[in-house]
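In order of appearance the chains are A, B, C, D, E and F, and numbering begins at 1 in each one.
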Amino acid sequence: MNRVVAFGEIMVRLSTERHLRFEQAKTFTVSYGGGEFNVCASLANYGVQAEFVSRLPDNEIGMCAIKEMRRMNVDSKNVIFGGERLGIYYLETGAGPRGSNVVYDRAHSAMATIEKGAVDWKTVLKDATWFHWSGITAAISQSAAEACLEAVKIAHEMGLTVSCDLNYRSKLWQYGKTPSEVMPEILQYSHVILGDIDTAYFMLGLDKVNPNYQDEKSLPSLYTKLFDLCPNLKTVATTLRYSVSASHQRIGGILFDGKKIYQAALKEVTPVIDRVGSGDAFMGGLIYGLLEYKNNNQRALEFAVAACCLKHTIAGDYNLVTLKEVENTVDGDSAGLVSR
Amino acid sequence: MNRVVAFGEIMVRLSTERHLRFEQAKTFTVSYGGGEFNVCASLANYGVQAEFVSRLPDNEIGMCAIKEMRRMNVDSKNVIFGGERLGIYYLETGAGPRGSNVVYDRAHSAMATIEKGAVDWKTVLKDATWFHWSGITAAISQSAAEACLEAVKIAHEMGLTVSCDLNYRSKLWQYGKTPSEVMPEILQYSHVILGDIDTAYFMLGLDKVNPNYQDEKSLPSLYTKLFDLCPNLKTVATTLRYSVSASHQRIGGILFDGKKIYQAALKEVTPVIDRVGSGDAFMGGLIYGLLEYKNNNQRALEFAVAACCLKHTIAGDYNLVTLKEVENTVDGDSAGLVSR
Amino acid sequence: MNRVVAFGEIMVRLSTERHLRFEQAKTFTVSYGGGEFNVCASLANYGVQAEFVSRLPDNEIGMCAIKEMRRMNVDSKNVIFGGERLGIYYLETGAGPRGSNVVYDRAHSAMATIEKGAVDWKTVLKDATWFHWSGITAAISQSAAEACLEAVKIAHEMGLTVSCDLNYRSKLWQYGKTPSEVMPEILQYSHVILGDIDTAYFMLGLDKVNPNYQDEKSLPSLYTKLFDLCPNLKTVATTLRYSVSASHQRIGGILFDGKKIYQAALKEVTPVIDRVGSGDAFMGGLIYGLLEYKNNNQRALEFAVAACCLKHTIAGDYNLVTLKEVENTVDGDSAGLVSR
Amino acid sequence: MNRVVAFGEIMVRLSTERHLRFEQAKTFTVSYGGGEFNVCASLANYGVQAEFVSRLPDNEIGMCAIKEMRRMNVDSKNVIFGGERLGIYYLETGAGPRGSNVVYDRAHSAMATIEKGAVDWKTVLKDATWFHWSGITAAISQSAAEACLEAVKIAHEMGLTVSCDLNYRSKLWQYGKTPSEVMPEILQYSHVILGDIDTAYFMLGLDKVNPNYQDEKSLPSLYTKLFDLCPNLKTVATTLRYSVSASHQRIGGILFDGKKIYQAALKEVTPVIDRVGSGDAFMGGLIYGLLEYKNNNQRALEFAVAACCLKHTIAGDYNLVTLKEVENTVDGDSAGLVSR
Amino acid sequence: MNRVVAFGEIMVRLSTERHLRFEQAKTFTVSYGGGEFNVCASLANYGVQAEFVSRLPDNEIGMCAIKEMRRMNVDSKNVIFGGERLGIYYLETGAGPRGSNVVYDRAHSAMATIEKGAVDWKTVLKDATWFHWSGITAAISQSAAEACLEAVKIAHEMGLTVSCDLNYRSKLWQYGKTPSEVMPEILQYSHVILGDIDTAYFMLGLDKVNPNYQDEKSLPSLYTKLFDLCPNLKTVATTLRYSVSASHQRIGGILFDGKKIYQAALKEVTPVIDRVGSGDAFMGGLIYGLLEYKNNNQRALEFAVAACCLKHTIAGDYNLVTLKEVENTVDGDSAGLVSR
Amino acid sequence: MNRVVAFGEIMVRLSTERHLRFEQAKTFTVSYGGGEFNVCASLANYGVQAEFVSRLPDNEIGMCAIKEMRRMNVDSKNVIFGGERLGIYYLETGAGPRGSNVVYDRAHSAMATIEKGAVDWKTVLKDATWFHWSGITAAISQSAAEACLEAVKIAHEMGLTVSCDLNYRSKLWQYGKTPSEVMPEILQYSHVILGDIDTAYFMLGLDKVNPNYQDEKSLPSLYTKLFDLCPNLKTVATTLRYSVSASHQRIGGILFDGKKIYQAALKEVTPVIDRVGSGDAFMGGLIYGLLEYKNNNQRALEFAVAACCLKHTIAGDYNLVTLKEVENTVDGDSAGLVSR
């Protein structure tokens, strides 16, 4: 049976409702999420055993995050308690011509101050089949990056499939290193990479900077380069995203397995209820697809795209949809009828 | 003066807000509605005398439904009290590629356990000019179907116009009979039928099953068949519905009076605030149109389509719009300006 | 340094949420706004010194309005206290084919009963560079119109630039005079006018009545006429508005400086969160643009259009966007990405 | 069968929640109420036929009030439409040492501008057995006072029992007359009066001013005086109210029928959820008691006191309790157990 | 290590907020709870392994209940899926002189239609040390009572401690049997009983009916009788409850271990936020106390009383307090200071 | 004219509503407050010119705090922008036997990383008459304590009255120094001290630790000691607080001016809506009293006590009451009547 372990940060998410600006909010909707946890939540929803490893402060707010993991059926038994605080991000959801805005307040978090050796990975990963990490953990602090490298190495040695979502965030990487000094080494031990073309180039030390989800034509050459640089790489994929406005997105995907390029048709998503976490939904769908549709990369990719599309309609960080709902979307349900 | 009496079930409606999934909801918005009551509410809004006959539990929740009927100016004086519970339905409103979902919890309701003879229809229908029922009442239980047949027969004998919305619900019809064993007999006494092609065929014992709101071409042959089978039929109509997504619908309508086919142009509806009850809004509009625009079936149909479109923008089961607002929509108001 | 003073009414705004109809509302969202104050709020957001002069009742509700002015950094030091009540308007926000609706309850307000002489304009306007008024103040009462004329005259004499938003409201002008009996005189002393073609004609005593935001072709002849009639006119502009539905607008703009017509390309705005105050946002953007982009009327106009578009995504009367956000929109940001 | 008609004003009530101050409120809870309507609502809840006569503006907000009357089963068929606005009152609910605060915005309301002759009382009161008015209607305007006198005279002539709640409000009576110039004449035709000692003296032209709910000892002499001055008086009663704080009240009552003083024991009420309308709940209970417990003034009074106590636990203007709930409280239920 | 398994029903709880009456509610707060589950939740909060066994419908609403169990760290792995519906109860929270009100809508629930043999108790109870049931399960249907008897017998045979909360509900027991026909047999196999004097007498077939939490003097003779009738009884306890009003309770407790009576001092609880589930909190505290304070029945009882008191301050069915918070209350913390 | 400047930290306050526990909250109510700012807000409400000096992050959340200062009419013109984050505290409001709980997340805030020299105090304090600081600023970091000492020295030199609220918080003081190493030096330059007996002893290096608001008898000897140790001390005061429960407090006060002890009678406060900030309300009232009732220390003290009592009824950190409301409470208003 498949068992996926992810490693990363979970945060308090404080968001305004109904497109209000921060200054208009008398209340913030509070939830708990973060890139790698969101992937676990997706997998648990699809029926895959999922565990999330992180470091949380030993206080009531940390406990709230634990309870949310439990509710989502994501195992939290190896979470470490310590540190000063749970990281926070403030989210203001845009509409039409006004974009969404995230204000990070995640410095000095319990996870940012985790250190190599804090987790007994050999024990944690026993019986696991897949390990997931992302570029965010490498971006929050030197010690978190080191803890991540340690975990990835052990996972690789133990024979797990290792996946990475590159996840470049321009507001992070504040600790004095560039992605290209940190990421390539960790990617050595990764077998599946999700990333757009600019992010990938940038993390590998090349020149582009901003996420670019639309340059389909250059992807094959990027993919070749990634396979050259990452000796264990098996699969690389990219979310294609065409943004009409904050409320209207077109989503597709591309996947390369070292031999062949697979492409999923674009789907319209409008209105967008909440696009934060839609990349994690893609990642969660991709892992599920690669695990379950072993000889059908096309369907694996389409599953990821459908999961990503559905996530845009779900409030909160992670993708509260069932396996059957994603499959129906893959199979062409327009969602136009009420199920009754 | 026109006085319309409808017979059916009113339920507690528990819906999530802002497209939340059931599991995210800390609160459910509560309201009270049901297909046949929704038709009454529409008519009362247009100034027609409307009465709703049903069976409700004699408790505080039943009383809440009564108060809502009063608020809507729908007469409740012949409601019967008894039975165990008020039926419930849970509603989760979709968005874009995610459809809406209804979970019924209406078995064993006061209305489902009503019996033939419970209502003194001769008294109730005195001075009434129109009687409305729907396929839902026939679907919830054997005894409700019998009570419905009884009412329809008496209404027909007393000279009222009898209308029926076929309203097939795949999650109902659990009591051991198929629609084709029950519906044809009741339809004998009906003069106006609203229904899509598949539903109609299925209820008549033919082969199709799912609602199909888009097969314009086959409708004439259906209509002919309905006129053959229902000796008292005068008018049959169908809502045309093209679903782009859960948030975007295109609505039109067709009507046949035994001689001529009338068709209303499609209208775009986006965003969809709440599409549950939009069929009832069509029915309410159609009854109003047939009553008030006696020699103008085209306008009657357009009134029904406009009412249906507007309903998609109203939260809750029934159509809170005024006569003037529907007329303005018929006459082409794009709603683009603020009235001030 | 630029300092703008506006004169007008601020009201309690009671609006329903989530597209509810008035009768569905258990709560009204309360805020405080009004055309001329909204212009001040925009300017303060862009970093311009702004002051609002009005008359408010000396009670707790009046004090709420004062606190909102303070929060927005709009100077309220010359507000006069007196009168019976703060005017109110009820707002129901439409969706798709259902338009928004405003119910005014502003008669007998403190501002409507202001009288000429109540404000010591010579002192108030010392060091100010711009004075703004609108047709609403002229519309609410005879005495308010007189107070407005007094202010405009003094502002003109003191060398300020005087701007006017014609702002015709069919539900006002109840005090026995028509716009054409009142407006032309005040417009004599105005240098910048914002108005659509029909409103302008109507206020000048010509025949058309309803706001018309789409007649681009006739605008040049209107502009010529305005320059003929208003001896001090320097700039006239019009918001172009094509309304697809209550949820979808296309916004552009035209400006004439006596020599040349400037036109800004149409922008799509969907969904519309709140379009009330979007004209004030245009006006606020236009004043900012004329002040800051002195030799670049094209950019001034585009700034006004971008500000107007963004306002449609902001709940409440005034435009809670920063200078940088408007500039980014002018420069083509599609808002499709999350800033993080 | 008893049928009670009341005449007065219904207003929009805008209240803050959870003890927030006005300036903290982002939303106001909206409801519709007013002294005389509240009495009707109480009576309808107890199963008495009740009708409310008033004047409302012919707009969407007036219609909201009508729908609320319907919901409460209070007949609104003789309501007159006209005038400019529905009166408003803002309410901030205190707690402990901080008192509640009402800001009136009811001047120029539809009801304040009603005129004598507007209602065809002879028709309206046919088949009615009781007429209720209060000092508030006499206080809002000269013309409302005249319309009230007209109604009271006719009701008396037609043989109805006429009741009055003196209801002195220091913030009203702004139209140039004192209560003592207006009230005595209307009281001539009244048979039941509810009022505290100071209010009563003040309205009769004597010297005291503020409501005084605690001077039990002076009441007998007041009562004697009232009987002297009001030739048709049959019953006079007073709510006794000892205010520990805004959250804790002690409520009792006294009644005099011309022969004997009846007194009801004090009851503790804490916490107070909403005390506005608790006097109207007393009045409604008193009318019910006098109608139903004809030879038992003691129980009539205790019913009024119990109703008043329960009202303090109900949010909104009127008393949403059933006959059985009031009777249980009269009979000593401490409310300590959950009914299940 | 202690592991407690409870068997019973979990329901949807729909409650009004801020003391609103049912008819005032536009929203219901939704949560999931039930007597026996509430006991599990308490125990899990105190760090005891807890599992809840029940039967739930296989739909989205049943899944919501599962997710809540997970969140509370209560094991749900042996829950059975089937049946038509999740039971519901509507709750209106009283205040002061107005009591709380529960409307049950739990007939025909999945748990009510469970049958003997549905659960493989030998497997489920392996490694468990304690089994808990209550009189509610015996009250909802014949088949649930039989399933309960089956479970209790097996638990007793397997050597677990069996506890029972008598929990008489007058609105249940509708299936044709009286408590005295059903309860005594199941109680044969129980070692710990919680119950007030009247309930206990009634369930044993004696004459009293209503719960009576105040008859301290008669308890010893009741206890003797219980020990006579229940051969395996080790401990019996009673919650003492003196109800000043719906908002003010005084709570104490009595415990008898066959040798000695222990009594805990009364504690004041005001205000009451939510008293539903406070008996379950007592039961959860008692089980914890008996497990952890093995030779200290006095402290076990005081722990139960403190837990019960704290529950009155927690919204929702179960007691969201930590072990340390209960211990602090036992040790006399007045809660008067803010922890910071 | 009096002008008061305070120096300290303003934080985001995230609180649960309706006594919910952290884990139950789907939303946090967000506001902005902090001890020294709260004092400014009180003074501004009483009509005193108030300015708050602090350091805030240069992001949208810092801007929200600025807007709140503006709304409260507290001058923010000398606020410094810089640093990483705005400090946060999470607040869960208790009830009855369950205490309130604060979770601090304020480490690494912009204010904690302020440094000596960052503020040009000579300019800032020009024309000011009073300077206020508190023990919290000394507790958050070494550099903040140094910045505070700098400010106090300059204020004293410039002839301002310097006041200090000792404000011991056991969860702060984490930077390696004890209060007794830091506070005595700053207190040298202070003229007014507010503090309870244990806090005062502890900060002076003596032995007690927890706040003690009830030891009236030992206060005179403490006061003597404070006068000995602080050469510039003129006035020392203590809030007396007797905590019945989280919902019921008794508040009084004592003041010593070097010659005479003044004492204010205890007042009951129940229910408590929000007691956080009630000490700041006392401090704000005391400063006002000392400024305005120069020869009447008794009234100054009673004003402080009344302000403190009223604050317990106000949600949020600072005291939203008017001068008149405090005076009425001093003069004995029981708040039992509605003002209307």
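Assume a contact is a pair of C-beta atoms (placed from the backbone, for glycine too) under 8 Å apart; a residue touches a chain by one contact, two chains touch by 3 or more.
Keep in mind the model is a prediction, meaning the values are calculated, not measured.
K.L.:
Quick check for you: after a Cα superposition of chain D on chain F, what is the rotation angle, between 0 and 180°, in steps of 5?
P.N.:
120
K.L.:
Out of A-C, A-E or C-D, which pair touches the same way A-B does, with over half the contact pairs the same?
P.N.:
Matching pair: A-C.
K.L.:
Among the chains here, which has the CA centroid at the largest distance from chain C's centroid?
P.N.:
Following the centroid criterion, the farthest chain would be E.
K.L.:
Count the C-beta pairs in contact for C-F and for B-C, then report the pair with the higher count.
P.N.:
If we tally the C-beta pairs in contact for C-F and B-C, the bigger total goes to B-C.
K.L.:
With chain centres defined as mean CA positions, report which chain is farthest from chain B.
P.N.:
The chain lying farthest from chain B is F.
K.L.:
What is the distance, in whole Å, between the centres of chain C and chain E, each centre taken as the mean of its C-alpha atoms?
P.N.:
Going by mean C-alpha positions, chain C sits 62 Å from chain E.
K.L.:
Can you check how far apart chain B and chain E are, centre to centre, with Cα atoms defining each centre and the answer in Å?
P.N.:
That pair's centroid distance is 44 Å.
K.L.:
Give the residues of chain D that touch two or more other chains, as numbers and ranges in rising order.
P.N.:
Answer for chain D, listing residues that touch two or more other chains: 18, 23, 26, 67, 101, 271.
K.L.:
If you look only at chain C, which of its residues touch chain D in the complex?
P.N.:
14, 22-23, 25-31, 59-61, 63-64, 67, 84-86, 88, 90, 92, 101, 103, 105, 107-108
K.L.:
State the interface residues of chain F toward chain E in the complex, per the touch definition above.
P.N.:
18-21, 23-24, 89, 94-102, 104, 169-171, 211, 241-249, 271, 275-276
K.L.:
For a test of understanding, state which residues of chain F touch chain C in their complex under the given definition.
P.N.:
Answer in residue numbers: 67-68, 70-73.
K.L.:
Considering the complex alone, what residue numbers of chain A touch chain B?
P.N.:
It comes out as residues 17-18, 267-273, 309-310, 312-316, 320-321, 325, 329, 333-340.
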